[in-house]
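A, B and C are the chain letters, set down in written order, and residue numbers restart from 1 in every chain.
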Amino acid sequence: MNRETVLIKIDGNEISVPRGTTILQAAEKLGIHIPRYCYHPALTTVGSCRICQVEVAGAPGPVIACHAQAMDGSEIFTDTDLVRRVRSGVMEFLLLNHPIDCPICDTSGECDLQNYYMTDGKHRSRLRHSKIDRTKRKRIGANVVLDQERCILCSRCVRFLASVTGTNEMGFFGKGSESYIDLANGKTLDGNQYAGNVIDLCPVGALTDDAFRFRCRVWYLKRAPSVCPHCANGCNIEVHYNSDLCWKNEGKKIMRIKPRFNPHVNGHWMCDIGRYEFDFAENSTRLGRPLVTRQGGQEEVPWDEALRVAAGRLKGARDDDGSFSIALIPSPGMTNEAAYLLRKVFIDHLGVRTTGFRKGEGGTGGDGMLLRNDQSPNRLGLEIIGCDGPEGGISREEMFRQVGEGKFKVLVFFQDLIHSVPPADLVGFESKGAEFIIVLASNTSPFTELADLVLPVSPWTEDNGTWVNWQGRVQWVTPVLPPIGYSRNTAEVLAMLGDMMGIDVSDGESTATFDRLAREVKEFSGLSHENLKEYGAALNGAALNGAATNGTASSGYRGSGEKPTND
Amino acid sequence: MSQKILSRNWGREDSHTLEVYQRHGGYKAIYKALREMKPQDIVEEVAASNLRGCGGAGFPTGQKWKFLPPPDGKSRYLVVNADEGEPGTFKDRFIMELDPHMLIEGIIIAGYATMADHCFIYIRGEYSEVRKRVLAALEEAKAEGYLGGDILGSGYSLRVSVTSGAGAYICGEEMALLESVEGKKGWPRLKPPFPASVGLFGRPTVVNNVETISFLSHIVERGGKWFAELGTPGNGGTKLYAVSGHVERPGVVELPMGTPLGEVIDTCGGVRGGKRLKAVIPGGVSSAVLPADAVETRMDFTSLQEAGSMLGSAAVIVMDEDTDMVKALGVITAFFDNESCGQCTPCREGTTWSHRVVQRILDGRGRPEDIEDLFDIAANMNGTTICPLAAGAAMAITGFLTRFRGEFDDRVAGGTTERTA
Amino acid sequence: MFDKADEARFKETLEEFSEGTSRVLPVLHFAQEVFGAITPEVETYLAERLDMPIARLHEVLTFYHLYREYPHGSYTLTVCNNLSCHLLGSEGLLEHLEKCLGIGPGETTGDGLFTLEVSECIGACHQAPAFQVNGHFYGPVTLAEVDLLLKSLREGREEV
């Protein structure tokens, strides 16, 4: 017997676990779910809800599984009369003062009081006096709505704000049954970039999302995994969308975004930027068809016509004036698959030597927790693939300036798929320095309005491809929704363009393209979409740059207004 | 004549001064302890004495001290629990007001035996004047060289600080007390780890009650065996019983451990006004109430546990024949409702719920189901919480309902079926 | 907010209770002595002086019964309502005080003299029904004795 492991039995199932493992953690390894409210793997253990109590042979009474360590040779039972009585007792105590708001509560359908009542409660109310009144629907900042009556005082929110963000906006005040959770005097969750996580943490409807309020019943939601596009951290997310009730939300399907656990990247958390900024993916500014500017304005054209125009312009410029007449501005939000094809078409085939993408521009450092200063999800990917060109790239601003000076015949601009671009950058466009401007974009913008040719591409919600985060972890972004209109993945567009110019590229299919990339670029060697499926994978041979600040321990985060750290 | 150990100076004028204490034999034991004994020797004597914690839990003191790990050169703490919040208890107040030096001498010995370098005396906030007495006595002891560095040239140093509670019964529970000393609200900590390994500021700590500590100088002077033989098997020494309620002479009496309950009451003049005895709470309101016919019960930890109750803090509350037992339970459930810290579900909700039910019964709106509900609430609170407060509430409720069921049945018989506020 | 003398005592308290955060309760007791109550303004000030988040300080304040957010009258009259005192007439004492003073528990008389508080057991069961004025124990008191005491207090003749 190893001193480092202990052998225990839970409900007759034997398991060997490292010394120090709690009963609850050991049970999870066996696939046995023990009910819990106050316990959360990323927060301190407080053992206060008491619903995780189990029976241990030889112990004088029930013990809490979240705190009690598995002792060698012990026998644990999670489904005896004693355990059922304890759980039912706790459920009754919790529901005693809980308002039955289910018909109007957003958490209905994913509420742990409902869930555990159905499995472990099912008692009839014996309450013959009134429930305690408290403040309901109090907006406490950053899209969070507090309902103190629904609160079961599990204190997860208080602990998160104390030990994960270290910002201490909330507290557990009062005493006994007069206890209540609230903001501390003068505090607000506004300015806390991670406030939305308390909504995920709340097991009941005490903390709900104002942005999601009354929007859709959760049982209509489908869930799809994805990766957040808003910065170089690449937090794993889950997109919740409604595709059945088409009259809701002006037809937009995505209802909300939640973090998805990845121990190497973001732990259990995500920031509010990624959580809330997704409207552009489906709103009315989405481009659905290729556009060509003719007299009188922009005209919708079919893809093959648009691509013929593009191919013609590009080849013409290269043949007449050399590849130096093509200005190329890639977007560090492109997938690696698209970046690979961009390189194939523009750099290898068309001979572009310098692009408007320069290495080392995103900035290092972040806020000490998840948010990175580099607001692009795949800068590192583009750098490795060489999208700056064989002679190195110049800054985007510099490229615009040169375009404005009339140095180029054709400008191909890959619009960032997320952020609105500051008007100052339009300088090169406005002076019509280039004869022909091609813009690949998902949404209309001042750029698309000035373009001669607009190719509609997918935002990340419809795209299929990989990104490399700042640490060098490759993660696969799979489509959540089908394309709007006739928009296509950037990789597919580049493949079609290449095909039209007679270049041997793949058909743009994502997995096949990644395999080609992995064969040609040594950092990606050995990787495939398949082995990225769970938590992504590190670039070949790359030591990951810095440890993940996945927020399980006290991070360097100090709230907004603090200078970001550099690592 | 029973031994007067703790209370021997109480009748003397200025008994609280060092001069009087010393004149009558005080501060001799510390010489023996610090100069002739090793810490381990003292621990053994205390273990042999069968001294049991006087704060309520009755845990054998020597055994508690033996949980301490070997010293590692860093700080260790002794905490004296002077929170004395269990209703009916006022014995520690007597010790601190009338003979604080006996406590201080015990502190020096306990500190030495447990190798503590800093002692906190946590005095409840309501005892502001008692605190002044203790502070004055500490100054006297310090001036005499009995506290501070290198006490009596032994090489042992001890610093004593007095900190005040702020009105929370739960802070008498040792795990909550530690939180309170550390400047937080009194939420009892989870066990394990136990204070002996991780206590105050994460360091090995022993928490002992005032009375427990006050016995130590005597155990050192006369030996553990002597102390054990004064009491009953497993329960050594004498005991301070704080007697209140319907007695002629409420007060604190020192009697041999295990004195029968009736004798304890008689020592205080018996039931007042010549009334008949109806019920007695033997160990503070967290202990199960006993009926009048239990007067033969020996008042020690073991016997009372066998009788389905507990010695607890030895706070004896006497109730005469005119006592309304339903009202009495209402007072007790109000207490637990007020004092629950609120951290864990069964206690937070159960103490309030049970009180509201009893209150409804008192208001004439009870129903027969309410009594079964109360038993059930008590059962769901008992043994399912972080600390024993809820278990105390459960014991109090079931004690009253079991022993005086008739009174409760009568009260609910005329109950209505209206829903109430 | 502390004047020079208070600042010196404050510093002494910090020195004596230098381990961990043991200074919190002692400082709160001291501040209540100085300011009469821990008002929101005092609380904000202390959170800063103690270098602790205001949420943690507010938790402590709202937990402990003896800390008050509003000043009391010159005399805080505390009546125990627990079992031993109940058995010996605390309810009658409380009713009498409420009638004489015209206030309920937690309230202060209009002249700012008396604040009435009900508490749990204060360790004076042998003096039941237990009664404190500004923390000083009186009792056992008859209703007549209480009336005399109130009169003395009103006339400033009683040293508490």
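The rule is short, and it goes like this: a residue touches a chain if its C-beta (ideal position, glycine included) is under 8 Å from a C-beta of that chain, and two chains touch if they have at least 3 such contacts.
What you see is a predicted model; the values in this text were computed from it and never measured.
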Consider the two chain pairs B-C and A-C; indicate the one with the greater count of contacting C-beta pairs.
B-C
From the C-alpha centres, identify the chain that is farthest from subunit B.
A
Cα centroid separation, subunit A vs subunit B, in Å, comes to 55
Between subunit A and subunit C, centroid-to-centroid distance (C-alpha), Å
53
Just curious, how far off is subunit C from subunit B if you go by their C-alpha centres, in Å?
24
Check each residue of subunit A and list the ones that touch at least two other chains.
174-175
Multi-chain contacts only, two chains or more: what residues does subunit B have there?
168, 185, 338-339, 341
For subunit C, what residues touch not just one other chain but two or more?
56, 59, 63
Residue set of subunit B touching subunit A in the complex reads 168, 185, 190, 337-346, 348-353, 356-357, 360, 367, 369-370, 373, 379-380, 383-386, 419-421
Subunit B residues touching subunit C in their complex are 75, 84-90, 92-93, 118, 120, 124-129, 161, 163-169, 180-186, 200-201, 242-246, 250-252, 281, 285, 315, 317, 319, 323, 327-328, 331-332, 334-335, 338-339, 341
Within their complex, subunit A touches subunit B through residues 45-51, 53, 60-62, 64, 67, 85-86, 89-90, 92-94, 96-97, 126-130, 152-153, 174-179
Per the contact definition, I'd like the list of subunit C residues that touch subunit A in the complex.
40, 43-44, 53-56, 58-59, 62-63
Interface with subunit B, subunit C side, in the complex: residues 16-17, 19-26, 28-29, 56, 59-60, 63-67, 78, 81-84, 86-88, 119-128, 132, 135-137
